[in-house]
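Chain nomenclature is as follows: A, B and C, assigned in order of appearance, with residue numbering initiated at 1 for each chain independently.
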Amino acid sequence: MSKLVEGLYYSKSHEWVKLLGDDVALIGITDFAQSELGDVVFVDLPEVGDTISQEEEFGAVESVKAASDLIAPVSGEILEVNEELVGEPELLNKNPYDNWLLKVKLENNDELGSLLSSDQYADFIK
Amino acid sequence: MINYNKMIFELSNPGRIGYSLPKERFPEYNIMQIETQYLRKDELLLPEVSELDVLRHFTNISNKNFGVENGFYPLGSCTMKYNPKINEEMAGLKAFRNLHPLQPAYTTQGALEVYYNLQQYLSEISGLHEFSLNPYAGAHGELVGLMVIKAYHEDRGDFKRKKIIIPDSAHGTNPASTTVCGMEAVEIVSNERGRVDLESLKAVLSDEIAGMMLTNPNTLGIFENDICEITKLVHEAGGLMYYDGANLNALLGKVRPGDMGFDVMHINLHKTFSTPHGGGGPGSGPVGVTEELTKYLPNPKIKKHENYYYVENSKDALGQISSYFGNYLVALRAYAYIRTLGKENLRLVGPYATLNANYISNALKTAYDLPISGYCMHEVVFNGLINKDTEVKTLDIAKRLLDFGMHAPTIYFPLLFPQSIMIEPTETESKETIDDFINVMHKIAIEAKEQPEILKQAPTTTPIRRTDEVFAAKMMIFSYKDYLEYINNRG
Amino acid sequence: MFKYFPHTKADIDAMLESLNISSIDELFKDVPESVIFNSDYDVPSYLSESELRTHFAELSKKNQELTLFSGLGLYDHYQPAVIDALTSREEFMTSYTPYQPEISQGTLQYIFEYQSMIQTLTGLEVSNASMYDGATATAEACFMACAVTRRNKVLLSSTLNPNTINVIKTYLKYKELEWDFIAEKNGVVDIEDLKNKLNKDIAGVIVQKPNIYGIIENYEGFSEISKANKSLFIVNADISTLGVLKSPKEDGADIACGDCQSLGMPVAFGGPTLGYLATQKEYVRKMPGRICGYTHDLEGKRAFVLTLQAREQHIRRSKANSNICSNQSLMALFATIYLSIMGKNGLKQVNNLSYQGAHYLYDKLVATGKFFDPFQKPFLKEFTLKTSIAKETLQTALLEKGIFGGVGLDVFGECYEGLINFSVTEKRTKAEIDNLVKIVEGLS
């Protein structure tokens, strides 16, 4: 059974978004995503200052047997990248909700409306 | 000596040598006369060992390998047939090994004749018009075949055909080659009989389709019985049909790809035509085409005029994809194989390979989950054990086989089933060998139920046990230098 | 019966009976009748083993084994006897790709040792398990540069081997990537032209040493200029010469590539050889091909495995950076044994002996007054001259005496008209060289 966190926004490509303020959010991958991948050995992330666009690739997560593209759940400018993951990608296996990938400044808050709630996501991964 | 545990660098002793070079003939010259700005300063980390050190080292590590002559090697999709010794003897002939490809054609007529005639034999066996032996491997052949398809469309001024249809059961090289060729892979799903779904195919046909890649028998080891309809549909839509020759062994003597309507194909000489896999290469992936497409085959080409063979570079060709004639000495082995079998025995290859596979399929289907019923061709795919109540996975079954002195089948491919086990016996295996394998597989099925921990622990009799792949990917120790740094940091 | 098919009549009957059928043909019932091939292949009848030997003896007579003074990417270096003895071991030769590491440590270990040797020769951090040949390895290096920089164009030195250029052009053309050439000046790549052509579209800059003329190029400033433009600097180098020449790392390369034929491999009518490809770890995930890594088994025993496989086609499928599936594994074993036998001193000596012979021949040819050097640049084992002797006269006279050398570079195209190549390895004796000189002295 995959863990879920209430109050986050979820995408069908298994990323989550956590709103921190009016237009700043964290992006990460879900517990379901990390368990499907297995032991994560590498995370490829963009740089601060880059922009990401909803439904477009922005990086990749790699395990021994699989590689999965990261798909942006929202559009925005990257404010921060979780550098800790570069040295310790296994943190994504340990706690995918505390170990966010990117902090972004949202371009359009309406995009959040196209994402799933935790209940909807729970149904989606059933 | 399976406990041998040294790297060649660890045998090094400064000053020791293993080579034998002539005396200096022209001492008035010396390489140190080259200005120092051109010379390396970094020390070389190469071993200094004796000739016997080298022989013992590589002999000892060879003992940790498993080859076709060690035992049964039912690796699906890889056609691990016996690699005849006489082919090696022929490939070792100095009159071929010491030829420079730029020598004038009149000094290399024997080598050119072998190339020319082999491509003719392959054309005859495939029902196509002409082959290039230049592609170095199967995936290279795919890329070259796709280049032919692209060149054909562009030559007609049709630049929008950039999509290649590929079934979801295909080898990963198909979509990867498509991307490398600057085209887009369009995946279609298989039907419940494990074959191309005609409705899904029709749905993706358009004037943007350049062609379709198909393996037949497909990666489930079953024949695409709608093949005539498939080729007709793709041709009507203006596309070309590409035959992935990975599974050609099944058809030898029975069916020719050209007769099924394929326009372009590659053959893996290291599968169907018995050349050794060499631990991963060198292979050879000749590409064959219909008469209409012949002009696009890559340069250099070998042609024949009366009884004289010559090298030609043509402007119509798609270009060069190798420096010269591909892995020539590999092709020469395939030539020796075809001459050894002759038309009398070539025709028996597919039937015997198919008989062996069906015999296994029938004998194992009481214990292993056969997802597609009916006859298979040269290989059979099971989806793990019938008994799904055990914790035992396909990986465990594969590892346990190693303890019984047999190589594992291909596992987790094709991707259509979660626990795929793909078994290909080839025609060179005897009934006794296959019966042994069947008995072992049944024994493993019983162990899975009664003593699953044996399977989870397997293998235990091999030179090493299961490996830590996460460590390898995270630590990225790719060289002896990295290894020394790792050891030093660890203290 | 036939020697490769163990099926007796009784075996076949028993197998058919278990399947409850009466003939093998019934197994092909899924094949439409219209595509069943019912006739014999139009190929010759079978040959017995001794007949095959005779046939090959006849074919051999149609080939002329010549004394090679030719180079241009394929060199006649000495091959230690132990190599064939070891590479022909069935455990190495007949095994597949090492997908089951528990019974493939032999293959995996020599790949690791091969990677280690390429690492030290190039100076770069990581080598893959090998590529098809030097030309395709260089084309893949171009793809890598485009993937790393997300740019679409490469700059090719005009002094690359024309075969390498042609293969790169084919690969790039079909992948819909672009290229341009950096001009040569007096036989070497021109840094001023590089400066003019670098712009934000350029993914990589590819040079070769020794170059097509045999000249050892100087890359001072190339790496800095490329890096300033965020382009990768790619050096294609004859691997054997790296035993003495500056390593690609010392040249500031981001990627090194080339052919390993010069490690004692037979010229073999062009193949098999193998290509090497090495880079820095920061780019390893864009690197094509297999990579072997060090690890341990569950008992802590030293072990080697294929790693970073998530880059490769069998996992990434259409998103993989390369479609390569195999490597030239057995040739990587060849290279590893060669370099084990030669060691660092042997490799230096091979280069020195080749240098000595080449320079002796060069001086003798120039002294005839019939040859002159249009470039006057440093070289190692091969060099390019112009001559007053007609090209055909020269080559024919040498061939008549069993020598292949003095190859006109115009075999690669008209732009090389008038240029003649000679190459000398440690195998060429003084008598052979003097004989060659004597022959050309008699020509006009």
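Descriptive notes on the structure:
Quick note on the criterion: contacts are C-beta pairs under 8 Å (C-beta built on N, C-alpha and C of every residue); 3 or more make two chains touch, one makes a residue touch a chain.
Values in this document were obtained by computation on a predicted structure and should not be read as measured data.
Greatest centre-to-centre distance from subunit C is found for A, with centres as Cα means.
Relative to the centroid of all protein Cα atoms, the closest per-chain Cα centroid is that of B. Subunit A and subunit C have centres, each the mean of its CA atoms, that are 43 Å apart. Distance between subunit B and subunit C, defined via averaged C-alpha coordinates, is recorded as 19 Å.
Rounded to whole angstrom units, the spacing between the C-alpha centres of subunit A and subunit B is 38. The multi-chain contact residues of subunit C, meaning those touching 2 or more other chains, are 307, 315-316, 319. For subunit B, residues that reach two or more other chains under the stated contact definition are 469, 473.
In subunit A, 42, 62, 64 are the positions where the chain touches two or more neighbouring chains simultaneously. Across the complex, subunit A is touched by residues 285, 307, 309-311, 315-316, 319 of subunit C. The residues of subunit A lying in touch with subunit B in their complex are 39, 41-42, 62, 64, 89-90.
Only residues 469-470, 473-474 of subunit B touch subunit A when the two sit together in their complex.
Listed in rising order, the residues of subunit A touching subunit C in the complex are 42, 44, 62-67, 69.
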